[in-house]
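Next come two complexes, and both contain chain A; in the first it sits with chain B, in the second with chain C.
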Partner chain A sequence: MIHTSFLSHDRFKFLWVALALGLISALFYLFHDPKEPPNGGTWLGYSLGTVGAILILWLTYLGRRKRNFLNGSGTVKGWVSAHVYLGAALLIVGTLHTGFQFGWNIHTVAYALMCVVILSGFYGIYAYTALPSTRNDLKGSQTLDEIFVQVEDRDAQILKLVEGVNSQVSSAITSALDRTVIGGGYREQLFGIDRSLAMINGRLVGNPAQGAILEYLIETLSKEKGQTRERLGQLMNALAERKKLLDIIRDDIKAQARTSAWLLVHVPVTFGLLASLIAHVISVFVYW
Partner chain B sequence: MQLIVRRVKKKGASREVAQEAVSGDLIGIGRGSDQAIQIADKRIPLSHSKLSFRNGDLFIQTNSDNSVLVNNEAVRSSRLSVNDVVELAGYQLTVLEGDNGADFILEINLDAQEVQPLQDRFNLKIGDLKFPQRKLSWFFFLTMLFVGLGSPLLGYIVGFDTLRESPLPDDGMWMSGDLHPAHAFTGENCQYCHETPFVSVTDEACLSCHQSTSHHFDQNLVGNSYITGSACQDCHGGHAGEEITREDQELCATCHQDMHGAGYAKSDLRAATDFLENHPSFKVAVNKFSSEGGWSVVRWDQASKEAAVDGSNLIFPHDVHVQQDGINGPDGIEILGCDSCHQVEPGGGNMLDVSMEKHCASCHELTFDPGVPNRYVPHGEPEELIELLKGYYAYEYLQGGVGVGSSALETGAKPRPVRRPGSPTTLSPSTYAVGSDFQGLSQEAIDYVDLKVADAASNLFERQTCAICHAITFDPSESEVPWSVAPVKLTDSWMPKAVFSHDSHENMVCGDCHEAEASSVATDVLMPEIQSCQVCHGGEHAKNLLQSNCLACHGFHYPDQPKMLDSFVFGSDTISDPIADFIQRASAQ
Partner chain C sequence: MSDEQFEIIIIGAGPGGLSAASRAAESGVSHVLLESSPKIANTIQKYQKGKHVMATPDILPLRSPIDFQAGKREIILETWEQGISSYNTNVHYGAEAKKIEGSKGNFSVECSNGTVYLGKHIILGIGMQGNPRQLGVPGDQAELVQYQLDDPDEYSNESIVIVGAGDAAIENAVALSDNNKVYIVNRKDEFARAKEGNLNLILAAIESETIECFYGTTPNKVEETPDGERAGLFFLNTSSGEAQVPVDRIIARLGAIAPRGLVESFGIEFPNDDPNAIPALSNQYESNVEGIYVIGALGGYPLIKQAMNQGYEVVEYIQGNQVKPADHELIAAKFEVLPGDIEVDDVLSLMQARIPVFEHVNALQFREIILDSNVHVFKKGDLIFKKNDYTNSFYTIFQGDVEIEAAKDLRILSKQGSFFGEMSLLSGRRRSATVFAGDNCVVIETPRRTMNKLISSVDAVKRVLDQTFIVRTIQQKFAPENSIEELMPVAENTVINQFRPGEVIFAEGDEGDTLHFIRSGSVTISSAQQGKDVIMSYVPANQAVGEMALLGDTARSATATATVKTETLSINRESFDMLMDTAKGLRDRMEKIAEERNRQNVAKQSRAADSSELVSFLMGQGLGEATDVLLIDEEKCVACDFCEQACAATHDGTSRLNRKAGPTHAHIHIPTSCRHCEDPSCMKDCPPDAIQRGGVGGEVFIGDNCIGCGNCEQNCPYGVIQMAYKSEAPDSYWRWMLFGLGDKPGKADKSKSANPDAIKQAVKCDMCKDIDGGPACVRACPTGAALRLSPEEFAGW
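Up next is the complex of A and B:
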């Protein structure tokens, strides 16, 4: 499975490389006595900066390189593994390069963007390792398409059942089916926000997790007797089953969104980082 | 408006009908779930059009770019009559006469199109949202490149002042750290120091302000320019707040570990790399007087076999003055401490000058005649004293005649002969009868005055008062004033190449460093040797001692050395004048 084994690729080869890089940088920093406040302009500062800049360029290239599955040298898994571990090491190298001297300037902006890229990458590792199993746990052995078919099946069943009830109740139920919303925009997908509505008693009301329509049915049911009550009971069962399926779909969409959305930060910010890195390096030498 | 929405769908041979009642002044049609009339089909916008009711008529108005077919005519808005057919995305909406209190019935024929599968009706993946990742990446890249580099660089084209006044990002973006508070006046004007792009800050830029900064040594005398430390930047950084000076002893040691090896062939300085481990003995500066050359300062190595001799020409036993039992003063026994005479200058570390008038005179009164204890001679030249004595005794003669005030005459004793044993001539009253000083006075008066003056003077210069502290020589060929007092000079700075603060050593007692109690002569130099300092002070990396680098005692820019100004040529066009510029800016505000 690619989504977990990139961490342990080649017996954690790149983990050891990254640890060694981080440790060497830290040791140099600890034993370096710069004779001035630590900053990026000491010999160690320049060295760490050079290593960091090369890492940034190389990691960016790796990010692109790992899309080509079969071309070139190495395996995708190997590239991902290197990207992840060396990216983590960059956090140490880059931080030590600053000498913990921060301010409102392009240099600190470059550092901050680097942190955003790396931290979003850390989230990506979590997403790629933890979320897929969450999704599998949710769905059992079923695919999302199968669950959708089941929802459609429930819809058909419910539409048949409503034929026997009065028009007010039936229009409320059909409106709840029609106005069920799955997914949506970024916030809806990422946070599982449910914007479903229902037309109950001529009024559009929010129906998140089908709560409003189920409540309406419970109220209606309690006033009815005999055959109608039995029919409403069947409808409620079907609606409840449908709600359960929708919950699974919604959680799955959430997990799926979270697995991919971090890249929307990771990639564009990387390009911001590249530009600010160029500005950082050049400006330092313009005002040498 | 009351509207009944009737959705019709073919179901085998029969039709499936769903009805709902909708009311409101404006009734929305669209894919969105917030639309009163919702048609779930991706081809239909979230909000497509609105139905309104005016004067019994029904109207449709589409939103912005949408158009709609009304009776096969594409329109943006239209009045709808009964039996009109509206078509959107293939769905047919037929307007029917209302019943049961509804104004109209809107029948939607869902058969016109297959309703899409459920999952196709929604955005289920982030990928479905068409995130403009590529555009955003370019946007970030170009924005950061402009903000961080392009815009600040514009200063070289449009001028930095113009740029800084504009809202565009300027070279302030590049400021890597705080300036030293003393440099804060340069404000945003990076060019004061960073004169040429890609060229490190030059000494000329520093010296355009720091013209009066003094050199470490006289380059003409030493015959070398600086070798290490040749650029201001070798020791001084720019953007680290107040910490812009390197203070590590290793920096000084690059030359001082071996001055000859470092290229200073004429230097006689011994190696120094660490105050505890490798530092030469102190050289105290003592005064020396010669009648030919006058005063000179001699540096005396404390490690040499002979103890340093200070040539102040003063007679002063420290031990007598600071003995624990005290010393006779005018009002009985007085116990003197070091601070009775040596006081630290205000705010500084050095000692104030010791002076006769302030520190000695209260005990060492300059009286000259036991019969007149309230009369004093000035602390001045012998000639002045003699003049004063003459004046006083002439006055005494006039006041009371013979015998007045003189203990010697009162007791009938003969005046002491005013001459040193073995001296060829006797200082007799007749030798004083010169000039016109005593014209008009009787010979008796002249004799009286001369005798008294000779008596008092020999007493002052040879036995008491002056002779207690001063080395005095007697030259009989000088008949007028045969005594001369050796000139006195107290050492101003014992270790002129070091800075010492008594204030920061106030927790110690004086005797820890200065052995005054054991010193009986003024030629003793009571300055501590290096071992005394090393009891507490170590080098920069010392363990269990006060860590002291070179700058703890020594400066780099010695005030007695030539000014930097002398070595550089100013006024060239390339050198800005930040001070003049700053004053101009400040006064313009």
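Up next is the complex of A and C:
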């Protein structure tokens, strides 16, 4: 393979750096024998704290480097590679810095926020590595736009077929087409919630995954004969195909939303972390 | 027919014709200006509304009674209108010249409306746009029939029939269908000539019934119905019988008839069948028909200012005045580097006398060549170009000599009058040798486009270049230690072949009787394995294929197929054996190459993953002519669009790649972005020659002197060029981040411009040639999904 992902970037260079950092911290911690129980105030505590704080600032700087298109050094891929591995090492550095002294105070808040950011980062790795292939498997060689065009084709086909059936059935089907909803807010996208509706027998009913309208058609069809039945059969097939396409679109939107939604935790909490970090550092110096 | 005989009949009221007629009027020479359309300057009338017209080249002075300065299309047209009326220029509109008879001093010009004009001299300035092809049925001159569409928004609630199946027809039909009832008449059963994007548009519109299509249908006649609800009735012959459509408007988009046929019917000769050929002219613009002068775009001068200057000059020449051409000073400036103080015209004739390739070029054409060229004076030992540079200009030696480093420690001397650099010129590939200046060295460097124009219009030049190319290739590639003379017998038997994309050069199992050296294009080598054609490798230009069978005296062990339009030099067995005997160490070297190839093939065959489907897909997308292409691995792409933002942020606010567009195979996606073709189609027809190829990376880029004509956008087969405004202010991250001011980096809307004088220029990927660290798109991708590759790397993928 000529190209590598951010995880295997430069033969996992930053993985080794991170492992070394974690290991050295752990060794120091084990062989360090302070007079008081381990905490942030010993010389090792200060050292780990300083390293951790610098790491946090540097990790946050990725947001800037990502957008420095003109003269940013290296590649963003390399930066992300370093970010994820050193970010993970921060979990060790930070935790050892606390000396496992937790309490209901600003120091522990900062630590907790750090953990949230890091854990969301782990989810991010999953999202960045697993979800794109999922999306790709769904769509095959097609683009989302092409699938949308196919849905439109199906719509046109259905609208033509519907001209030959009685008005009750036809209005149910057109209502299902009209009230098909794709996308929606964050919640709908993230969890693939389908708010599609259909007007069946004069009642507005939920039509997630086009289930209601298909079920209605199946029932109606079984009572019909001859030409009408044939027509309804064609409609059913067309609607079923349309459903398949809609499912692909919805799943794709879901995967796409999940690919980036975690950043909505990762980034704002980062800012929370920075604030609490400042508070933590100040309070340490003031109350010392 | 009026009996008045004009001194000069000027045909075509483009910039050239207008300038000529005004000069004639100004000097009191009797004249008439014939224009086929109802207004002046039809070509300029057809520019998009409000287009900013450039007065390129800036250094060329304007010489014309009517003014021309860079500015809005409307203002320029108005200035010209005023100009011609202030000189009382005699213009006849709606006069399309179609026949010229007689000879100098006694010409008659017949127009399609039947009028005949008599004149002593004729100036032909009809440009290259040609005339729109007519419907060719009764009634096709009716007012409701039109042959172009300026502004689709002008019409609403009309019934409109579009005739034609090309891109123009489809674009018009789709644009009009928003507000009108639109029909499209297609002679064939499919839209075979249309671009992919347009094809999708029209098929979707037909499917959804926004446009009604008559397939397999030809027009029959047009009838005006003054009393009817609609302006007319359009009779059609459909595959199932006759049909009638009530219409308000018929728009025929059947393409243009190139002016060449018409011009030839006037007796003017073209040097050969090449569609780019230009009629041979004297240095006073006179054609082979005495008394008929050719100016402007038709004479090979593609810019407005040049056409206007020539219009002026030619009227002077006809009157017997010897004016120096307006470009005189420009040429003088080019010659300033030369020692001594020789007259421009003398230098020009000396150059032609000394340099045999330019011998057969007429004086006017040579002038133009020099205008485009640069004269360099080098000190001994100066580097002229380096091996593997991507430059492709052509050099001739005016004085002294140069040293060509054919191989390490082997320099070949080339003397006054000879040329070098033709290899890259003809193949579009990197320089194959390093060249240093020798004693007293003065060389002329001519750009590729100028040379290509020359090659297509003077056969002798092409012949000489091809012959030299062959023998030098043989020397460089096979026998660097032999002299040209020793290699002549082989060269004489070497043939240049052309292959279409997808054409088989030789097939597995064939008798192996020739070696092919790829001069341009590229080739894939494949072989049948378990009934499947497996691609083993991709061979770019400047390498040989077919050597295995010759060496081993066997049948072909694989099939070679041209990926794009490809040219090869073929050396037959006899010549090959002769070459083997003459050239020291050649057999060893060839055997080494064969060994290496076999090694690769074995590695390839024993690898589990078979990339040949992928390679065929990529080749099918035209990547055989690419030198560097952007690909996205969809398994890694998180759709963050940072690639596009990075490109926009580093390139005046317009992303030169479209991530979502483009085809996908398995998980490899080819976004729409320039592939930096070996022989770029976009370069072919750029009036100011603004598209260039970079020296080191080989990137194709568009310079600031782009006039925004849109030719390259049309000519690029891959749809990667866009017309866009430049951004006025660079995006600023901290301003956006901290204060929410300005555009988010890489996210500004550049489809409009605040500056009224801004023009849309052609933009496309320049491979980030000015950015340290290389392609911003690739560097901004957080996951490593985006990458740039050259086709050589595909097969090993």
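Basically, the second predicted complex is superposed on the first by the 280 of 288 C-alpha atoms of A that agree within 3 Å, B and C clash if a C-alpha of one lies under 4 Å from a C-alpha of the other, contacts with A are read in each partner's own complex, and residues count from 1 in each chain.
Criterion: a contact is a pair of C-beta atoms (placed from the backbone, for glycine too) under 8 Å apart; a residue touches a chain by one contact, two chains touch by 3 or more.
These numbers come from a predicted model, not from an experiment.
When the two complexes are overlaid on their common chain A, residue A:L119 makes contact with neither chain B nor chain C. Contact with both chain B and chain C is seen for A:E152 once the two complexes are overlaid on the shared chain. Of the two partner chains placed around the shared chain by superposition, neither chain B nor chain C is touched by A:I193.
Once chain A of one complex is fitted onto chain A of the other, the partner contacts of A:I278 are limited to chain B, with no touch recorded for chain C.
When both complexes are overlaid on chain A, the residue A:V269 reaches chain B alone and has no touch with chain C.
In the superposition on chain A, A:N136 contacts chain C only, with no contact to chain B. When the shared chain is aligned, chain C comes close enough to touch A:F6, but chain B does not.
When the two complexes are overlaid on their common chain A, residue A:Q256 makes contact with chain B and with chain C alike. Looking at the shared chain after the overlay, A:A209 reaches neither chain B nor chain C. Looking at chain A, you'll find residues 144-145, 152, 256, 260 touch chain B in one structure and chain C in the other. Interface of chain A with chain B (complex): residues 33, 35-37, 39-41, 101, 103, 105-107, 109-110, 113, 144-145, 148, 151-152, 155, 159, 167, 170-171, 174-175, 178-186, 189, 195-197, 199, 202, 204, 249, 253, 256-257, 260-261, 263-264, 267-276, 278-280, 282-288. Residues of chain A that touch chain C in their complex: 1-6, 9, 64, 66-77, 79-80, 127-129, 131-133, 135-136, 141-145, 149, 152-153, 156, 256, 259-260.
Put simply, chain B touches chain A in their complex at residues 7, 16, 18-23, 33-34, 36, 38, 40, 117-119, 121-129, 131, 133, 136-145, 147-149, 152-153, 171-178, 190, 194, 197-201, 237, 239-241, 243-244, 246-248, 250-251. Against chain A, in their complex, chain C makes its touches with residues 200, 204, 207-209, 633-640, 642, 645-646, 649-650, 660-661, 663-667, 733, 737, 745-746, 771-773, 776, 778-785, 787, 789, 793, 796-797.
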